[in-house]
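In order of appearance the chains are A, B and C, and numbering begins at 1 in each one.
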Amino acid sequence: MQFTATQIADLLNGQVEGDANITITKLSKIEEGVHGSISFLSNPHYIQYLYNTQASVVIINKDFTLTAPVAATLIRVENAGNAFTQLLEMYNEVKLNKKGISKLSFIAESATIGSDIYAGEFSFVGENAIIGNHVKIYPQVYIGDNAVIGDNTTIFAGVKIYSETNIGKNCIIHSGTVIGSDGFRFTPENDNKKVPQIGNVVIEDDVEIGANCAIDRATLGSTILRKGVKFDNLIHIAHNVEIGENTYFAAHGVVAGSTKIGKNCMFSGQVGIVGHLSIADNTIITAQSGISKSITKKGEVYMGSPAFDANKYRKAYIHFRNLDSLVQRVDKIEKLQKETELKEN
Amino acid sequence: MQFTATQIADLLNGQVEGDANITITKLSKIEEGVHGSISFLSNPHYIQYLYNTQASVVIINKDFTLTAPVAATLIRVENAGNAFTQLLEMYNEVKLNKKGISKLSFIAESATIGSDIYAGEFSFVGENAIIGNHVKIYPQVYIGDNAVIGDNTTIFAGVKIYSETNIGKNCIIHSGTVIGSDGFRFTPENDNKKVPQIGNVVIEDDVEIGANCAIDRATLGSTILRKGVKFDNLIHIAHNVEIGENTYFAAHGVVAGSTKIGKNCMFSGQVGIVGHLSIADNTIITAQSGISKSITKKGEVYMGSPAFDANKYRKAYIHFRNLDSLVQRVDKIEKLQKETELKEN
Amino acid sequence: MQFTATQIADLLNGQVEGDANITITKLSKIEEGVHGSISFLSNPHYIQYLYNTQASVVIINKDFTLTAPVAATLIRVENAGNAFTQLLEMYNEVKLNKKGISKLSFIAESATIGSDIYAGEFSFVGENAIIGNHVKIYPQVYIGDNAVIGDNTTIFAGVKIYSETNIGKNCIIHSGTVIGSDGFRFTPENDNKKVPQIGNVVIEDDVEIGANCAIDRATLGSTILRKGVKFDNLIHIAHNVEIGENTYFAAHGVVAGSTKIGKNCMFSGQVGIVGHLSIADNTIITAQSGISKSITKKGEVYMGSPAFDANKYRKAYIHFRNLDSLVQRVDKIEKLQKETELKEN
């Protein structure tokens, strides 16, 4: 991709100051600008970089006043941050604009395929699967029998989607993620027999799932990720779990079987939640915390393992750090008490 | 799959009450019953759902007495729970009954292939590998040179099995799992040189491994999972570890190098165990706990990081939660002591 | 592979004692020696095994004095440990000596391919990718557009490398690992819109990455793993993170976005590090610890969640274990104080 400053300015509805014909081939941070890159200045803390950046073009706010000469060509716009995000999105759209069904893919004859899809090399689509319009199936993806993939969803290389999984529109699933594997249910009391897992996974619209996650199918019924759920990498979701709308999970989160999680929750990294709980909307859980009881009040912050109110936890933890001095104080008190006792007798 | 109530009753050795010709196409929980589904009633807490379920057919115990009219067709059997499990298993068997070697798979000429196997599209079987009878190799699976897979084992899409791995009979390995990757051994004192990892992984019969696990080969000798071991998702097993018979690991468990774990242990999610330890049979470890010392007494429960006796941990943790009040009590005691001292002098 | 004792002795520049024509086909520990295996004795604690090992050949130090007859053929060398490591390396080299481009792989015409590479079945190399000399690409690997792979790097089966990733020389990437997936950045305040991730991942020379790791691309710029970094399995590295030279990460480590980690650090299993921190060189973090603040002093050891100085943590943790007795002491003190007060009044 190569553009002139003028072409970019036209796209962003901005005005060029400097060499209008200079060409750019990539995007960079202003402090990492190189010849041929375009950057932006939005955060005032970065103003210093404007005057010595190596970037060929910098996008700045319309009303920004220069206090020294700038080597880069400038493009002035209403809001430099938004304009740059617009460029990022355009760049990504071009980069991800894969099309066509590879001759080296396998698509079952009974599958239903939408218009304008991409199916990369060595990808597999099983019996009776239904693939929506504009779906992107990268190389080495597996989509099992009867799975349904909604319009505009992107599935990156090597994702494995078991049979009967139902994925909505505008979702993004990153490489290595497994959806629909069996829930972990055995009967130790009955010769460790496996409980058959015949439910499925339902993922609603606008969900993004990071790399190498594992989301188990339900025993019966569905494991559900509601609209707008966002997952980081390496997250485990057990059978029959339900995650509410727009809830965020940072990396290495774990949710055990049948737990129901509310909307708009925010869970930091390495959080664990035991099975059969209900977690209220807007709950926040700090990193490495473990939730062992249902949370009924909305919007609370939890910390610790097992977790409780985060402010109380932080206070208790400060005392924990100082336990040695507390113990020494108690030693001293006992000593004094003993001395007093001796004196009195 | 479509069956009439009569056909199901015959399979389960049960008796139909109601419309014997009604057809069912899927299985559901009684509280999630829909037209065309078959459910069961076993747990007395769910009796309420019997009288208004939308399921077309419900399996109930022979001796169950109705207290109101039921819209669904009933099938009466000796034990409704067991009968339903039987249906689940039959359903699963049909669903997973994949057969045949795809023309789009690659099987080395030197490999030995049993009878009646499934080898899906883009699956790979290496030199001198030995594949037992009725083995199911889903699409995009990799089985390295000299690996051995026992009869009736199922390997789901995209599993990667390194060379020399030895897997027993009736095992199930879920998607994304890696078996036989190199153990993590380097010599920081010697220019960070890698210690070659030339051992293998041995997995005995009846083992199930969840999605996206990673089980390293031994440096020399074998990393071993004994008969009946059950793993949830995203578990890490280091080189030369040995896991005893029927031990269960919930998601995100971690075992460091050369640790030996006993039989019938139960480890909750996100448990970590350091290297070169011995863990006694029947040990239970609670979620997020970290084991830093060998456990010699059987059947104990451990909690905390580093972990100790779970009852003691819970007691200590209650005090931890109340540390602020303990500190205030000590403050008060000191104040009183000081006042007493002043009075006395 | 089959060798006689004489052939091995010639390779190791050693001298045979016993049957020089005995053949060996595998390597074993001395305590696990079997007919046809070659072992070594280096650690004095294992001397007992020398006299009854079933190994056909044992490598021992030149100056080792036998105190009883030995059944195995001996090969005497300068340093038995080093000689055995040399054998391990030779064994591994032969085992991993895969060559040739499979007809069942897909390599884009615009890709540049070095000499003497291996590209296994169902592997994929994208547009404009550059693959160095002697690179090994195992089956089902995905290498995205514009990716660069340095000389002598080995990429095991099923690794997924997104577009624009840049990997150095002599690296090893284990199965299931994903490199270059999108960073986890959304704007909850702006309708949960995704922040486009258009940076890349740069991995320098001599890096080894275990199985099923996930390393996200930068938002802009690069996520960087410096020369000699070693990762165990299932590690998560977020966008824009930088890991210094020769830093080691045990399994299940997590580093959140934009954190910069120094050289020669050692992180145990399940460690978590929050975003936007700086961690000094030579920092050691114990298992399951969570780092919530930057570490500026080099060579310190941290423990706990949130972590602080490990010695202080261990001391505080001993007090935590004994909190019940501390509380009882305070109870007793209060009781005595109250009695004294009553007496005095």
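Following the convention adopted for this analysis, a residue touches a chain if its C-beta (ideal position, glycine included) is under 8 Å from a C-beta of that chain, and two chains touch if they have at least 3 such contacts.
Everything quoted here is computed from the prediction, not taken from an experiment.
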Those chains which touch subunit C and also touch subunit B:
A
If more than half of the interface residue numbers appear on both sides, call it same; otherwise different. Which is it for subunit A and subunit B?
different
Centroid from C-alpha atoms only, then distance subunit A to subunit B, rounded to Å. What do you get?
25
Using the touch rule from the top of the page, what residues of subunit C touch 2 or more other chains?
122, 140, 158, 176, 212, 234, 252, 270, 288, 305, 320, 323, 326, 330, 333, 337, 340
Would you mind writing out the residues of subunit C in touch with subunit B in their complex?
27-29, 32, 85, 88-89, 91-92, 95, 102, 104, 120-122, 138-140, 156-158, 172, 174-176, 206, 208, 210-212, 228, 230, 232-234, 246, 248, 250-252, 264, 266, 268-270, 287-288, 305, 317, 320-324, 326-327, 330, 333-334, 337, 340-341
In the complex, go through subunit B and note every residue touching subunit C.
106, 122, 124, 140, 142, 144-145, 158, 160, 162-163, 176-178, 181-182, 184, 186, 188, 192, 194-198, 212-214, 216, 220-221, 234, 236, 238, 252, 254, 256, 270, 272, 274, 288, 290, 292, 305-306, 308, 312, 315-316, 319-320, 323, 326, 329-330, 333, 336-337, 340
